[in-house]
Amino acid sequence: MKIGFIGLGHMGSGIAANLLKSGHELTVWNRSSAPAEALGEKGAHVAHAPKEALQGEILFSMLATDSAVRDVGLDGPLLEHAKTGLVHVNLATISIDFARHLAQAHDEKGLGYVAAPVFGRSDVAAAGQLTIIAAGASASVAKVRPVLEQVSRRLAVAGEAPEQANLFKIAGNFMLAAAIESMGEAFALVRKGGVDAQLFQDVLSQSLFACPVYQGYGNAIVNAKFEPAGFSVKLGMKDVRLALDAARELSVPLPLASLVHDHFIEATVAGLGDKDWASLGGLVASKAGL
Amino acid sequence: MKIGFIGLGHMGSGIAANLLKSGHELTVWNRSSAPAEALGEKGAHVAHAPKEALQGEILFSMLATDSAVRDVGLDGPLLEHAKTGLVHVNLATISIDFARHLAQAHDEKGLGYVAAPVFGRSDVAAAGQLTIIAAGASASVAKVRPVLEQVSRRLAVAGEAPEQANLFKIAGNFMLAAAIESMGEAFALVRKGGVDAQLFQDVLSQSLFACPVYQGYGNAIVNAKFEPAGFSVKLGMKDVRLALDAARELSVPLPLASLVHDHFIEATVAGLGDKDWASLGGLVASKAGL
Amino acid sequence: MKIGFIGLGHMGSGIAANLLKSGHELTVWNRSSAPAEALGEKGAHVAHAPKEALQGEILFSMLATDSAVRDVGLDGPLLEHAKTGLVHVNLATISIDFARHLAQAHDEKGLGYVAAPVFGRSDVAAAGQLTIIAAGASASVAKVRPVLEQVSRRLAVAGEAPEQANLFKIAGNFMLAAAIESMGEAFALVRKGGVDAQLFQDVLSQSLFACPVYQGYGNAIVNAKFEPAGFSVKLGMKDVRLALDAARELSVPLPLASLVHDHFIEATVAGLGDKDWASLGGLVASKAGL
Amino acid sequence: MKIGFIGLGHMGSGIAANLLKSGHELTVWNRSSAPAEALGEKGAHVAHAPKEALQGEILFSMLATDSAVRDVGLDGPLLEHAKTGLVHVNLATISIDFARHLAQAHDEKGLGYVAAPVFGRSDVAAAGQLTIIAAGASASVAKVRPVLEQVSRRLAVAGEAPEQANLFKIAGNFMLAAAIESMGEAFALVRKGGVDAQLFQDVLSQSLFACPVYQGYGNAIVNAKFEPAGFSVKLGMKDVRLALDAARELSVPLPLASLVHDHFIEATVAGLGDKDWASLGGLVASKAGL
């Protein structure tokens, strides 16, 4: 299939490479040219302008912020140049509001829009093992589903409104932040009581909590290893804000999300903004004098 | 080995049965006689008085509350009748303070005291798959270790002060409560946005959160299945209180534990005290109007 | 002085009437005509279109929401018709962001913009006893100061950036909400212990807390008198949100504001949105089973 | 009337001096002799042993901690020596549980027990301007009422169970702590927005919050003046704990008290334990990087 791809950070590059492996004809564009050229060597066509990436049947984008989406024009102007029938698959985690805005902007141009945020870091993306949450009009989702399945371990369809996929992803990221806070508090408690936190972490993450979140973040917190940041405090704070914003609109009290958000602010003030968000656990320890 | 066992609820009976299977000579006592007689049929000696259970090398006890321990006299009077060199293994989750008190009471009588709270419900106990956290003087722990290993999947030694095992267990139970709160909030958020909570639960508990806590409690919350109670709101609240009490003594701020504790009170007021503590997730949903 | 006034709700009408009493030549406009005509009978000129209110030296506006400001065009279009040198005094409580936006829109047209939110309800406004917090460029503030002093008990200048007055007001309203929450919890506690909450309220609000906030809201909570709403849950929630939004931008952890905000959401879900925001205290009581 | 007085700290000495002024025959005892001798010079009889203070019609005590009460034997042993019909007025803020325990201990000896905690610091006590909250059996309260009225500005009777007066006092102190937290957050917010916190404090504490709590603590927080401690972080934390303990027993969710308590722990860890509890406001500022 003829596919375009805009936004080639670590995540995007990994997914794009898998699209190539699956045999698709890929046109890539990135603000800085190096990542695009790297994919060019693997067989992708390197676009000179973003609009070239909109001439296929599907456009993937993985742009980190709302303003990056606006800068490239995907909220409107660039869509003028899209091939008829194009479906845009937005892989990024964005706000409910912006998801609605983008969906409408595409609809007005007769284009499809599928929100498809992912769970998994860049190594998972490169291995084709992402979990993808998709949402959008049935016809659009049906069109992109086979391709999404090629680059993921699991594809779940959250609903027919694109923002539902974003809500799904945001709620999941909130659960991650909550788990980090929870470990931070528990570890601080046992440590101040003279118990070896690594033993505590090992026992729990090999039994009741034997899953990637508790194993990975638990070890990071116990060892205060917050660099390099797989996902930074700033980004974590952004996602919890998105959860709180959605909760305002949907009238859902989220006291735990509020608590975590205030701790993220405190972490940022303490200079941890660019550290891994597991450092929230370190902040909790420091409050206990550890 | 000659072993006594006091307290034959679901948990205690399962562990006692495994001690029998391992070939130990077991003397059992329980306030109500039926559970003791059931073990009697499996080969245990049924004691007529608690003191008979203190004539072996090890005494196990699994009594649910501090007052049950006091009623039977294990905080002092009963110890007068213990065989020299007896080591008491207390399997229950008790407060830091009471653990210290019991340790001292045993020490004054020249007896050993090992705190050995467990992770796992009664079916896990029956299957010999518990995780046991032990703490106490090295010699005492060394004596009971082989027996504890026979009835568990894993034995971890938390320290030389018995209360350290209780702190370990309490901190672990707090993490469970935090996970329940976190799921309750996340599920409420996605549901009010029109996303299928079961799908959300399935995706997360089969990927990032693929572990017993999130699988079991997540499904209970999604399906509002809070009966029969595997572990009740009242017991959960008790354990979070023990965590908060320990946090006071050790000077550890635990805002998430505080939040969960207030929700437990609210759940009790709402009549959920005897429901499974997963109903905390139901409380969160009701606050969102679900 | 020749003055215009747009937005004649209870608050606006009271202030406008005082401007008339002070001898100013007043042109008034309101979406619905009745309040304007009422002031017309007191000597005001009733405008047929908003732009007529921008032909004096000062324009006052008291519009409840951002969208009301936009509907009337005060964020731009209407300013085209303003008399040269006009200073716009915005009496409403708006967000930091919108305050900046309005300030810039006026600046681009060469007009002055002074944010001047007020403390006090409509009876206080009518009595000329408001506390006004003003902020804006020195020259603009100097121009409007004498007039503001005529209609208030106290005028405080918060800074040269208009949004500083809004921040001041928002922070003050947060303190009000916090006081309500605090009373709600304290009253619930003493009531469940069999103490007369009215006695408790009387003693405290006549000693340590002998001030309008604790006297007025305290009695409302004790007597569960939440109608008519002097200031509704919805409006209170809006202002606490503005505080949280400002806190995000300025990196200030506000856990108490977060707590109150979650309770406001819960109150809205419980159908209290249009009740007085003192009903937050009623919500706290209901959580305790009262 | 013949009255005894045990516990002559700043508060106790002031009240005792006022009893002397009112013409009562006073027998005083204190662990260290200096304060007793000072009152001796004003006409009090200085006891050589605590039991001498129990030979009148009323015994006042003002002992800071439960253990001080126990050390002197007022929970039992000392009561053996009391004159028949003695009513003991306990002015200290103690826990609900300990209040019940003391009431019963007195009852068993046929003595009266009135809990009478006070609002006001030592200067207020010396000026005879305290607010006293009394509770106890009607006959006992009736007996001591005239004397309490002589040394206070206001006497309120909270109920017939002594612990109700303690609950009243504890709930009041929680409200104070909540006000401090609230000011701390609001001041941090305006300061980071460039607004003069002193101006903010002045405006609010001279209008809506024109009362001693907001005036006194507000100025302390704005000026970071936390020494000498009128009431320390440690004592404030103790009282909020008493509130949380009462809330556990009475099933009242107190999320704001929980929040404040966690901040008190954090303040203690940060070395502020002996500073005035207004330093909670300083803690909040430091979290915001101020």
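Per-chain residue numbering starts at 1, and chain names A, B, C and D are given in the order in which the chains are listed.
Keep in mind that, in the parts below, a contact is a pair of C-beta atoms (placed from the backbone, for glycine too) under 8 Å apart; a residue touches a chain by one contact, two chains touch by 3 or more.
Fair warning: this is a prediction, and the values are worked out from it, not measured in the lab.
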Most widely separated chain from subunit C, with each centre as the mean of CA atoms: B
Interface residue overlap between copies subunit B and subunit C, same or different (over half shared): same
Chain centre separation (subunit B, subunit C; CA means) in Å: 53
Computed distance of Cα centres, subunit D from subunit C, in Å: 38
Touching two or more other chains - residues of subunit A: 247, 251-255, 259, 266, 269, 287-289
Residue ranges of subunit D in contact with subunit B within the complex: 241, 247-248, 251-255, 258-259, 261-263, 265-266, 268-269
Of subunit A, residues touching subunit D in the complex: 255, 266, 269-270, 287-289
Interfacial residue positions of subunit D with respect to subunit C in the complex: 96, 119, 131, 133, 153-154, 156, 158-159, 161, 163-164, 167-168, 170-172, 174-176, 178-179, 181-183, 185-190, 192-196, 199-200, 202-204, 206-214, 243, 246-247, 250-257, 259, 284, 287-289
